[in-house]
Amino acid sequence: MITTRHLVKEFGPFHALGPLDLTIGTEQIVAVLGPSGCGKSTLLRLLAGLETPSRGTMSLDGSAIEGPQEKIGVAFQDPRLMPWLTVRENIALGIWDWPRDRIGPAVEAVIARVGLSRFSDALPKSLSGGMAQRVGLARALVGNPRLLLLDEPFGALDPLTRIRMQDHLLDLVDASIPNVLLITHDVDEALVLSDRVILLDGPPARIRRDLRVDLPKPRNRTSPDFQELKNLLLGDLLPGHGDPHPLPRTERAHHAP
Amino acid sequence: MSLREEAAAIRTGFLRDRKLPDPGVLWKGLAPFLLPLAILALWQSASVWHWINPLFLPSPLQVAEVLWRFFSEGTIWRHLGISVQRVFLGFGYGVAVAVLLGAVTGYSAFWRRLIDPMIHGLRTIPGLAWIPMFILWFGIDETSKVALIAKAAFFPTYLNFMSGIVNADRRLIEVGQVYRMTNAQLVRRILLPTAMPYLFVGLRQSMGVAWLVVVAAEMMGASSGIGYLLLDGEMTGRPQIVVACMIIFALCGKATDMAITGISRRLLSWQDTHERAA
Amino acid sequence: AEELKQITVAWSKIVPETVLAKERGWVEEAVAPYEVEVKWVESLGSNKTVEFLRGESLDVGTLSLASAFLARANGTPIRYVYWTARDATGAPLLVAKDSEITSYEDLKGKKIAATPGTGPHVALLAGLKKHGLSETDVEVVSLPHSQGRLALATGRVDAWSGLEPDWSIAEIETGATVLYADPELAGGGGIAIRDDILEDHPEIVAAVLSGYDRARQYTLDNLDASIEDFAKTSGVSLEVAASVVRRNDITRPALIPEDRQALINWGNIYNDLGSIPADTDVAAVVDAVLDYDVFRPEGSQR
Amino acid sequence: MSLREEAAAIRTGFLRDRKLPDPGVLWKGLAPFLLPLAILALWQSASVWHWINPLFLPSPLQVAEVLWRFFSEGTIWRHLGISVQRVFLGFGYGVAVAVLLGAVTGYSAFWRRLIDPMIHGLRTIPGLAWIPMFILWFGIDETSKVALIAKAAFFPTYLNFMSGIVNADRRLIEVGQVYRMTNAQLVRRILLPTAMPYLFVGLRQSMGVAWLVVVAAEMMGASSGIGYLLLDGEMTGRPQIVVACMIIFALCGKATDMAITGISRRLLSWQDTHERAA
Amino acid sequence: MITTRHLVKEFGPFHALGPLDLTIGTEQIVAVLGPSGCGKSTLLRLLAGLETPSRGTMSLDGSAIEGPQEKIGVAFQDPRLMPWLTVRENIALGIWDWPRDRIGPAVEAVIARVGLSRFSDALPKSLSGGMAQRVGLARALVGNPRLLLLDEPFGALDPLTRIRMQDHLLDLVDASIPNVLLITHDVDEALVLSDRVILLDGPPARIRRDLRVDLPKPRNRTSPDFQELKNLLLGDLLPGHGDPHPLPRTERAHHAP
């Protein structure tokens, strides 16, 4: 349960976000969409307690967020691995305060799920981009957080790996994670995974559309309801979506008959 | 393998690794000795052809004689032993305090504001001026010598380590914060490793400085040690002893420096740096 | 020999005459006919002076007799030509006020401070030998003079082999007393000159010395004023200055044959200590370093 | 604004910035002085209640008197001026050579193999032992003093800068390589800026060391300078002068250190580091 | 014109790539697809002259590649901006050796094309992920290279910005850039932009499929030819694509009737 009231973030003279009033309740996965640089990561960082708001308040499960809260998992936009730790040790950082005998099995399990068992002793400098991203994701997931903040977690993954990771996320959400905030640029991904889509505009980030996704799960991408929602969102994201003229050429081609 | 393939393989290094001895290995092994040997040659020529007044710079032969006497008589071992002990103890204490304090002031702006400015004032007070106070506080036995060395060894490690922590990448620190590490954990698990490259530069300098101040420390109530030997040679105007002691200092310093860089290479193998070619 | 354009001469705060000569410009006056410039360099102790002489950064230096011997024996070509002050004894061994040590024998197992390689250190070792003790019966700790004085005052050492002005400061400020001083090691400080300067420009050297000697004469004639001056320039208290100046014998600046024996005594100890090459002919070095002819005050008996 | 809104605004810092004076500013301004003041208080008590033998540690009053005399008579300015000149010249030369050589050995493995090992041997030879050679090479005038200071100032900057370049991130260097930068361009545009944080640590240490060796340098035939004053006070048994000189050294060192950190803060503002709270 | 013969790359004991025999001739844009960690970036880095091959040879326009070649633009997988330089200065690095008076206009032009005119004086630490990626892209484009190596250059961009960037790339290719190697995880993107798609498998990276894309330009995403190629590639990338069972649940949902 997240609430923000008149939340504003300024970096010096630069107005990056808000005022934002937002309430996230029982929706398990909330997807956040928006143009590059609009303030999505800033919102996520505020909720993670890593930025202090310039004005306004925010709270998680009733208590004010004034710094990093307990049991939150964050996958940053960049992998942020400790270069001196192996894959296994990097993931273990997410549960550093667990009893020692529980850390090992938990880490091995999540390493297997992100498909990096062969690389558990590798150092970050020898990982590929997508592998590093999965390690960052694994570190966010391993602690069974009550709130999971994911900043474009699947951006550097190939289709199959991406689907596997999405599945793993859905499994975890079914099992234990009550709230997920997922930043993505992929409208399909947002509609397949989430219960609600928040479309931001900015900077400064403001809510442009707040969409409940009430489609049955698992989602059917070819259903008319799905297509309707998708067109709605694409219409917001791509000005002139639908009519051929003001669009750039690749998009024009996309929608040619 | 066709001729063309073989040529390509040699060019790209495939075969060279296996069949031909690598000239690079020889060069790597010898390179460090070239410059000292050149200087030795120059020095020997200078004393043979009298370019330099031998009163000032004794000939390599004279110095070698002194060194030979030192080692054959065995008296040097006692001096070397006690100096090494002083250096190591002083280095150990100084560096231990530096790492602790550097972690605290590097991490906490509160303590940094309170303590750090003072330390940088103290840093520039000459060692000589401290000696009376060290005698007052620690007497003239081993304690005061070790303390003087520790004081000198403290500053480089402190400044480097503290700077390393202050310069740490915000993005990695945030990871620790998100997982609500305690201050101690954050320092141990994130700040200390990030600051490690700085720390090792500091340690190398502290060790160097420890050797440097042995002489000053052994001015203070010693009757043994390499620094004492050097002082004695200096006071009684025997440059060959002075130069012999200089060589011993250089070798000792080099040995400890190599030990530290050896450890650092091992501990810092995770770094993604670039070995640039010649 | 080349023309000498500049002569570098030493002064020292603890040798009042050199300060006087420098401030009144008497050396400059004396060498004026030779058209040489005078450059003053402050001496911060005998071994620094030797270093400067050896490096040809100094032509005329102030140092102790023993240091001049040591330098010569170790190959620095200098000659000792003039006394700025004679001591009746070698460096004294001092003990703290109300010390329980009343005789040399009490020193057994005690800590004694001295600066290695200096006159006081040698005097200490000579004294030990004379009293049937060896270096290993006591603990000799090396400390610069001023710190030896502090160490004695605060009880960090039991005795200290010292030198002026620390000697006087210790006596006056902390009540230290002399336990022993060896008349056979009579010595003192004076002027030493590089051989090459002496050989090439004897007349200029003589002129420089006459400048120093004028200051010595003046000091003898105006003792109280000199003490005040000395206190002011060196920064020691008036009482200490008086003690230092009075203890110095500045009446006999010229070298005399008796000086030879005193220096041989020093030389033998240095030889025993190994501070000079083992095969040194002490007497020969003494004869080489002492030069009786360079300075002759007018109307002296020789 | 509603009462509740106002409360929230105050809590989150919106109003505090505008209306109430920030207690943080006061703390930031005062913090550096707290520790020195505490020490001064302790020192004063020690001398009032005779905890310490005044032969060793003169009272603050005595020292203040000396300082007052120094500055009111104006004699200090000459000493200070000449010492500052020596320090700045020595620092300048030492650091210039260090930056040049550090760039070369940091970047080129060839030169690193050849030169670097030798430098680390020389680094641990005590300054005292060099003095006779410096007198031989440079005489006893300004040159030798500046050279001695330059030699000492060389090492910290060299080691830090070289390490900074060696530790540079491979990924940024590759950018320069892809765009076929010449070696000089790569050093100037990429390696030098990356090594900047290290360089400044080195510069701070070099400056500190330059002040430290002024005393040793001014042992070499000087009759002016703060180091000379200190030595003189020491030789003639006036601890109040020694302590006064120590304070002057501390203040000078602090001033130059603040100048360097001021410049570094400006030049390194691009760093993504973290200002951690109290 | 790129040729590799028996190209092999090993990192110590790890066999990352090859042996690879590849010839790229007149195709303007070649897309490289493949699972995460299969060796795509390694191939690109080899061609950029940043890695030395363990075995085999490679050449560009007839001359052997033994280090970075002239007039090559590279957008790395991570933005790799110099943190001490502004956006403008970072982009100018790509043409550091141009005459001074030509650098300014060229940089301004490309900044405008990547939509960062407002931020040309910003430091990297104040950029969002997508903005940083665009700066990296701009640096690769600014010098009019003869070979452009792009490693997932649009991964962190929202749909509109992505389309704009793709368009810009096509414009440049039409105007001046003869060869582009584009690594991407987006099958649609590969088919819309490229003349040839190389699908890698690995590690070690080997060519699994080499597909000429002979569709008319601009491409029509809804045409049956396009769909056929897409299904072919997806079939390679998603094992069991087409039959419902062995697939994970999100993909299953995707292809539900």
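Letters A, B, C, D and E mark the chains in the order given here, with residues in each chain numbered from 1 onward.
Just so we're on the same page, a residue touches a chain if its C-beta (ideal position, glycine included) is under 8 Å from a C-beta of that chain, and two chains touch if they have at least 3 such contacts.
Here is each chain with its UniProt name: A, E = ABC transporter-like protein; B, D = Binding-protein-dependent transporter inner membrane component.
Owing to the predicted nature of the structure, the values given are computational and were not obtained by experimental measurement.
Listed by label, the chains touching chain B and chain E (ABC transporter-like protein) alike are A, D. When chain pairs are compared by contacting C-beta pairs, B-D ranks highest.
With each centre defined as the average position of its C-alpha atoms, the distance from chain D to chain E (ABC transporter-like protein) rounds to 48 Å. Rounded to whole angstrom units, the spacing between the C-alpha centres of chain A (ABC transporter-like protein) and chain C is 85. Centroids of chain B and chain D (each the mean of its C-alpha atoms) stand 19 Å apart. Under the contact definition stated at the top, the residues of chain B that touch 2 or more other chains are 53, 56, 132, 135-136, 171, 174, 231, 234, 271-272. Touching two or more other chains at once are residues 78 of chain A (ABC transporter-like protein). In chain C, the residues touching two or more other chains are 51, 54-55, 150, 154. Taken in their complex, chain C has these residues touching chain D: 13, 40-42, 44, 48, 51-52, 54-55, 57-58, 145-146, 149-150, 153-154, 165-166, 169, 173-174, 234-236. For chain D in complex with chain E (ABC transporter-like protein), the residues that touch the partner chain are 171-172, 174-181, 185, 189-190, 193, 196, 270-272. Only residues 27-28, 31-32, 34-36, 52-53, 56-57, 107-110, 113-118, 120-129, 132-133, 136, 155-156, 159-160, 163, 166-171, 173-174, 197-198, 200-201, 204-205, 207-208, 211-216, 227, 230-231, 234, 239, 242-243, 245-246, 249-254, 256-257, 271-278 of chain D touch chain B when the two sit together in their complex. If you check the complex, the residues on chain B that touch chain C are 53-56, 131-132, 135-136, 139-140, 218-223, 228, 231-232, 234-238.
Within the complex, the chain E (ABC transporter-like protein) residues that touch chain D are 48-50, 67-70, 72, 74, 76, 78, 80, 82-85, 93-97, 123-125, 139, 143.
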